[in-house]
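Note that the chains are named A, B, C and D in the order they appear, and that numbering of residues resets to 1 at the start of each chain.
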Amino acid sequence: MTVNLTVKVAGIEMKNPLVTASGTYGFGQEYRDLYPPEVLGAVVTKTIRLRPHPGNPPPRVAEAPAGLINAIGIPSKGWDHYVREEVPRLRQLEVPIIQSIVGETLDEYVELTERLTELGFLAGIELNLSCPNLRAGGLSLGLDPDMVYELVRRVRAATDLPLLAKLTPNTADVVGLARSVQAGGADGIAMINTVRAMAIDLRTRRPVLGNISGGLSGPAIKPIALYQIWEVYEAVDIPIIGMGGATDYRDVLEFILAGARAVALGTVNFVDPSAAPRILRDLGRYLEENGIDDINDLVGAAHRT
Amino acid sequence: MHQVMGQVVRNRELAAGLWHLIVEAPEIAARAEPGQFAMLRVASGLEPLLRRPLSFYRIARHYGWLEFVYKVVGRGTQILTTRAAGDRLDLLGPLGRGWDLLPGTRRIGIVGRGIGIAPLIGLAEAAVRRGIAVEAFLSAREPQALLGLDLLRELGCGLYLHTERGEYSGRCREVTEHLEEAFEEEKPDQLFVCGSRRLGQAVLDFSRRRGVRSQISLEERMACGLGACIGCVTEIRAEDGREYRRVCKEGPVFWVEEVAMLYDR
Amino acid sequence: MTVNLTVKVAGIEMKNPLVTASGTYGFGQEYRDLYPPEVLGAVVTKTIRLRPHPGNPPPRVAEAPAGLINAIGIPSKGWDHYVREEVPRLRQLEVPIIQSIVGETLDEYVELTERLTELGFLAGIELNLSCPNLRAGGLSLGLDPDMVYELVRRVRAATDLPLLAKLTPNTADVVGLARSVQAGGADGIAMINTVRAMAIDLRTRRPVLGNISGGLSGPAIKPIALYQIWEVYEAVDIPIIGMGGATDYRDVLEFILAGARAVALGTVNFVDPSAAPRILRDLGRYLEENGIDDINDLVGAAHRT
Amino acid sequence: MHQVMGQVVRNRELAAGLWHLIVEAPEIAARAEPGQFAMLRVASGLEPLLRRPLSFYRIARHYGWLEFVYKVVGRGTQILTTRAAGDRLDLLGPLGRGWDLLPGTRRIGIVGRGIGIAPLIGLAEAAVRRGIAVEAFLSAREPQALLGLDLLRELGCGLYLHTERGEYSGRCREVTEHLEEAFEEEKPDQLFVCGSRRLGQAVLDFSRRRGVRSQISLEERMACGLGACIGCVTEIRAEDGREYRRVCKEGPVFWVEEVAMLYDR
């Protein structure tokens, strides 16, 4: 039996549903010694900014029970460096590239989108809406459904590329955000980003991270991710790239059953840098052994009794 | 860089809380250089989740062996002590940038404290193999924690030892004094330091005063170890102000004069 | 050296900072074979309701990475059963008892509070504000700072007993909730409750829990709890009972350093039902070995450099 | 109820994926009754987090031993297979309510399938010790999975066996037929069942028709095992409609006619 693993997410054809989670796979070069990025369904790169930014002071990472807390802070060497250093190597990759971006203002999101679209090689753009620095009133922009709608709408007008909106999970109303980005014209949703968290060092009696707080990722947040994906799947029609703690093919299938059309691997890349090909192999075997000839049949299947 | 299931050759306690681990991993050993490191997966489950970085202590290429010395400080290293000969161990390496022995170098000093001595031993071996004279400035809490001492003796290195307790505790002198004494007449071509910020600062001072090109190996909390997460940065003095560089990729070895924290007194 | 472990939380004198998390310690009887409840600083009992309620259909619990997902649903046999069966045994306990309550309406909270106050034996009342069924507009009541303020204010008027408000963590603005309950007259804050989550069973391809979603507790949520406690500590003056995944004395100290004056043990009671006396012993030893003669000196100490 | 660090006496595979575990835990053994269970902590770390419930298979009080038979179905039971004689094991028990042998009972039937046979063996032993005649109706995938068969033979129990493969697969008959056959002339005083809902329904039907007081042992996902979390409920037919009861506290043994799910066909 040949199993169909190809999926179409936000208009992007992927040869399988495994993609990378932004910020855990650099710009596609770091894991090349272990496996070619071409085995993946798509590569989602580290979020870039228009202007250089140093990121947060170290320590930037801390370990947690079944999890990782990071406060990297989206360092960026800015647009010129991106075009000069990363783009030529990204162009070499024979896999859909989705570039993640963040702006300090709405205009920056639009500007970056226009420039990226002009480069001509991207399969899609992912809007990182979890930037805590971009505020609308008292609220961080990514938390405000109206602002998020406005942002997506404006970016949408600036590009024909598939647009993914990456939502923050640190809200009581992720469904509201999802509806907003769909209304704004997003072609898909990426979720979940990291959950606000912190670690304290008993020895120093101080926060571990230079930034005090950070974002929790890894297996610890998987149940939270599954819940939010489940809810969003029920509320919108655009496809979801699910993530949050997947470490094996079972996790990937759970995300798919909950409603994800593709699944991003994040923290697991640090734990087992060969995770992607391993999971892919196991996934194929599972489908075969269970007589499922199209992975698309499983998308959201847990909603149907 | 390879990810392999190495086989533990030996894992035993050298001194209280200090363990010597030998793993057969020929693919990694073939390319490993002193000053580089590996990320070890200590548990097969999810606890602890992250790999642990350990520097190469010695690299026995013809055996395909990697040697590590590790200090038991927490959960990960504690679990590591339970690994026995024959067990499989998931290793990722070689990682990072190792020590640079510059062309023309004939005499070096290695300056290490405690577990920071570990990454200097492979360097001393490599240097002696190239006919470079090595002076070793080592300090630790107690004599048993002076790693690789016998080996350095065998290699014919000059030894300047200091411990807080026991045999070498008498002449309680700063490493600076040791350096001045050893290199009074002729400065070394390079110094290599690892083990504490204070030690790095002493080497930086000495190197600036005497015009020595010196390197330091840094530690920072790491998630990936291979440059992807930008989690392990240290501040570097670059042309246009300070910038962050990744300890796992651009380091762990840096030129001392670059390392911003050595200037923060 | 004698170490002072006594703390005063919301006017309640506790001989040490270890209390139980509501819903994990029943009504104080279940662990008696292992240790007397009197070793604890206080006992917080399972949330009760005014009227009988069956709770959620089974399965009600699922395991998660370093965590537990529960969808118990606050079953209750109602007021009469409580007074007849639980109260006599609770009266026997020589330890401060804090009764947790939930209402279907604001009036029910007030009614329960009045009745509990009349019973005369309680050290305090904890308002469980995480009941997802009580809605104010579209939002669950516990998420709306204004409603929470109103609720606490009304309950406040009905009793002289110390009032603790237990906040939901499933919000972008836990600080807003904390300020509201303080303004409404709460004497202390209990946090965090469980984080919305779910589990999917790959075998059945269905949600594991009868209720579909549930709440995540245990070590997995510790970093989230520490973060929220840290933030709330900076924003309010009333004391915090911290909880969320504590399993050993180190965790307890981290909560205290983040700003908790007492720490509740929840899920750990299931993992190691003798956890309380074990942690208490370790805590005393740590303080002694580190020359800290009053645990109160550590409260919020991570905020001070 | 006690929480003790028991010592593993033996842990070995009986048949594919079926393990027999003996733990020395005198405090628990002294009070344990057939049909009760213990919560075992399989890992010392946080993964997996929760304890695992296992019924007592046999209780060897004079040795201070508890015997369990467990089926490897997931992570927890997998880890349990790695425990060896001499290892320590954190046990909580005895928990729940065991089987009730009513005064005057002279003849009983035990009806078990697969791993569900485990909690019935200790009951059969106790019954025979009291001079009660025991007929055993056991089924499993394969003959090796018919737990405690030799023991039941030794005890002189009547045996009605069925397996899907191998020795007892020929006479493929429903347990109901077996029951009818065995108790055609004289009904048993009590039946005890464990292993599947279908089996429970068969016993319920038989018991209602013939007026037998029968019990069933249920399983439900558990967090605490001691009644605190109200996580393990099953639906019970009570006077005033259905209500939830805790399997770990009011169960795991219930009267069959109470158990709501046996009525849901």
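The criterion applied here is as follows: a residue touches a chain if its C-beta (ideal position, glycine included) is under 8 Å from a C-beta of that chain, and two chains touch if they have at least 3 such contacts.
On a predicted model such as this, the values are computed, not experimentally measured, just so you know.
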Contacts common to chain A and chain D (chain labels): B, C
Neighbouring chains shared between chain B and chain C, ordered by label: A, D
Longest centre-to-centre distance from chain C, chain (CA-based): B
Chain pair whose interface holds the most contacting C-beta pairs: A-C
Length of the line joining the C-alpha centres of chain B and chain D, rounded to whole Å: 58
Inter-centroid spacing, chain D versus chain C (mean Cα positions, whole Å): 36
Whole-Å separation of chain centres (CA-atom averages), chain A against chain C: 34
Touching two or more other chains - residue numbers and ranges from chain B: 46-47
In chain A, residues with contacts to at least two other chains: 64-67, 218-219
Chain-level touch network, classified as line, ring, star, complete or other: complete
Chain B residues touching chain A - in the complex, by the definition given at the top: 1-3, 41, 46-51, 90, 92, 220-235, 243-244
Chain A - residues contacting chain B, complex: 23-26, 30-31, 33-34, 46, 54-55, 58-68, 70, 72, 75, 218-219, 247, 267, 269-274
Residues of chain C that touch chain A when the two form their complex: 64-67, 69, 139-140, 143, 170-172, 195-200, 202, 205-207, 212-213, 216, 218-224, 226-228, 230, 245, 250, 253-254, 257-258, 298, 301-302, 305
Contact set on chain D toward chain A in their complex: 46-47
Residues of chain C that touch chain B when the two form their complex: 65-66
